[in-house]
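The letters A, B and C name the chains in turn, as written, and every chain counts its residues from 1.
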């Protein structure tokens, strides 16, 4: 039944010397990163540093000025089948005229998938994010957290192995944010997808990530890459109480502060 | 409120109802009594007007005229919708095309539809064809401009999503662009509805041998003022009912936009809406 | 630069299609005259006294009708918008009036007032009344509630309330209504002139058409359009000035 039974299906993503300028203003300079299959990578940095810009380059929505992004040795020049996007503004990325199910189905219809297969797959992905029974609702009938779950289900149904999320939980309340963070960890564990999360929230970054990349400066460069050894299973209370957690958190916070 | 009144809630409902209806009822009653012994040739008693109205509805004359007129309005408006929406999607979506044709559109749409009427009617004669043509010509601009605005106003997060999920162009236009622009398109159609009725009336006043306008103007020629009044009242009723029907359809099509829960009886209390759209 | 080229090209293509269609389609000049003839006619009109008289008459009557509609529409609209009970009572009447194709009243007023500019002005005023009325109602209704509370707290007399609070806060909406009404005023004016023997652009157009001077008729239609654009631009200027006044008022 489950469309993602193969673990570790995600291809590696390589960011090779990516720079980006808007006109004469250079925003990103020479970023080099690697996202391993099944890894959760968090990107943190101060507001306006260029996180969204980086994510748009990674997704193929925008070409970098120089350097390249590769997914499984294929250079990303336009949005790829392997990549699913979840935007910061959950109000804007779901089609308000479509029900939950139709929203998840839409990309599959674009792939010319057989409709009954597509339905079945969409329903199973909605169940995967805990939205069984909400298929016929419109976005305005759902809470912000539920809408963001729909966006995640849509990426999963599309068969994305790499999830790109731009401050996905920024506008949600704390409890909902915790639930969705755990959902992301759970999906990674069960489906073997890679996830790249851009966030403002350093706690969130340390809690979710296998590695945290810290961006800073104008133009932005990678000033540190922090490995987080908290294991694949995490707990909102226990993990955040660990000494290691607060050590990492303090380190990242200091780095961002020092650069300012 | 209703709870406080308890088991006499129906009194409250009647009072509510009455607040909407008392003034029109009073005005019609005043008209009735003041005009009842009117000696003025041009202002016949309301009773006489109603008599004519019922008479000509009964013998089919008015209904036939209305059917002719409204068929022209419906056909012309439909043509305008098809043309306006298709070209609007194309022009709104393609920024190169839009910047190129914009001044020409601004120039053409400035020419009032009513000014075209005599030119077309003398060229092509009277009859449904030319009348449908002028109605379509007058109605296409508000729909075209509103569709262009609607497409341009689409949120970038929506177009980004469509690109990220690689929607093929046809699917994108049908499932994303068109629904996203629909609220604005409906606003344009609403303006065009008013335009279509005006053009219908003017074109039938200036030439023609059938239709509501002809019914009225033949009343002028044959010095039958009660026929003029009856026809005018009838056009008013048609205009009102058409607008009510439009609002019902709009609320159905745009249920997602107005966030109307499904399977809920919706009461419309007014057909008014802010006119911030491009007229 | 390329933009200008592109735009000129659109006009050129439009003109070319027209010219070629008339030329090779053997279209009778009664149906569609050659584009060059229309161009000549627009120039020719500028040398005719009747043209200026017609434009002046249309503009004058439109302006008078608009002025009447503005006074009535704004005062009624603000009053209705400020009083919910009045709004409920008049809602059906207003809905009926706004969905009425007002030009259909022409024969009635033709009977009562005859083919006079009085009759034309009346119809223009009726046509312009509804957009102004509706927008004034919204404007007055949308007046923010803190402002309303302040007004109540200070027990301002009604005249002050109307001129100092309601009117200024509703003015952006009223301007929108006025902008719609300006276009309507020219439209109704032309429509009345076309269908009844009163002077103005529409009359000249219809008469040119009756004499099969189609190029002159089209030239008049073009001038009617240009008139609409000019009047719209004038309202733009007015709006900008009022908005600036609004802003400086707030900063002070």
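Just so we're on the same page, a residue touches a chain if its C-beta (ideal position, glycine included) is under 8 Å from a C-beta of that chain, and two chains touch if they have at least 3 such contacts.
Quick caveat, the model's predicted, so the values are computed rather than measured.
With centres computed from Cα atoms alone, the innermost chain of the structure is B.
Farthest from chain C in terms of Cα centroid separation is A. Across the structure, the highest number of inter-chain C-beta contacts is found for B-C. With centres taken as mean Cα positions, chain C sits 18 Å from chain B. If you average the Cα atoms of chain A and of chain B, the two centres end up 48 Å apart. For this pair, chain A with chain C, the centres built from the Cα atoms lie 53 Å apart. The set of chain C residues touching two or more other chains is empty.
Across the assembly, chain B contributes no residue in contact with two or more other chains. Listed in rising order, the residues of chain C touching chain B in the complex are 3, 6-7, 9-11, 14, 30-32, 85, 88-96, 98-108, 110-112, 131, 134-135, 138, 176-177, 180, 183, 186-187, 190-191, 194-195, 201-202, 205-206, 209-210, 212, 214, 217-218, 220-222, 224-226, 228-229. Chain contact summary for the complex, chain A toward chain B: residues 59-61, 78-79, 81, 83-85, 87, 89, 92-93, 95-98, 106-107, 109-110, 138, 140-141, 154, 158. Contacts from chain B toward chain A in the complex involve residues 155, 157-158, 160-161, 163-168, 171, 175-176, 179-180, 182, 256-257, 259, 261.
Only residues 19-24, 27, 42-43, 96, 99-104, 106-107, 110-112, 114-119, 122-124, 194, 197-198, 200-202, 205-206, 212-213, 216-217, 219-220, 225, 228-229, 231-232, 235-236, 239-240, 242-243, 269-272, 274-276, 279 of chain B touch chain C when the two sit together in their complex.
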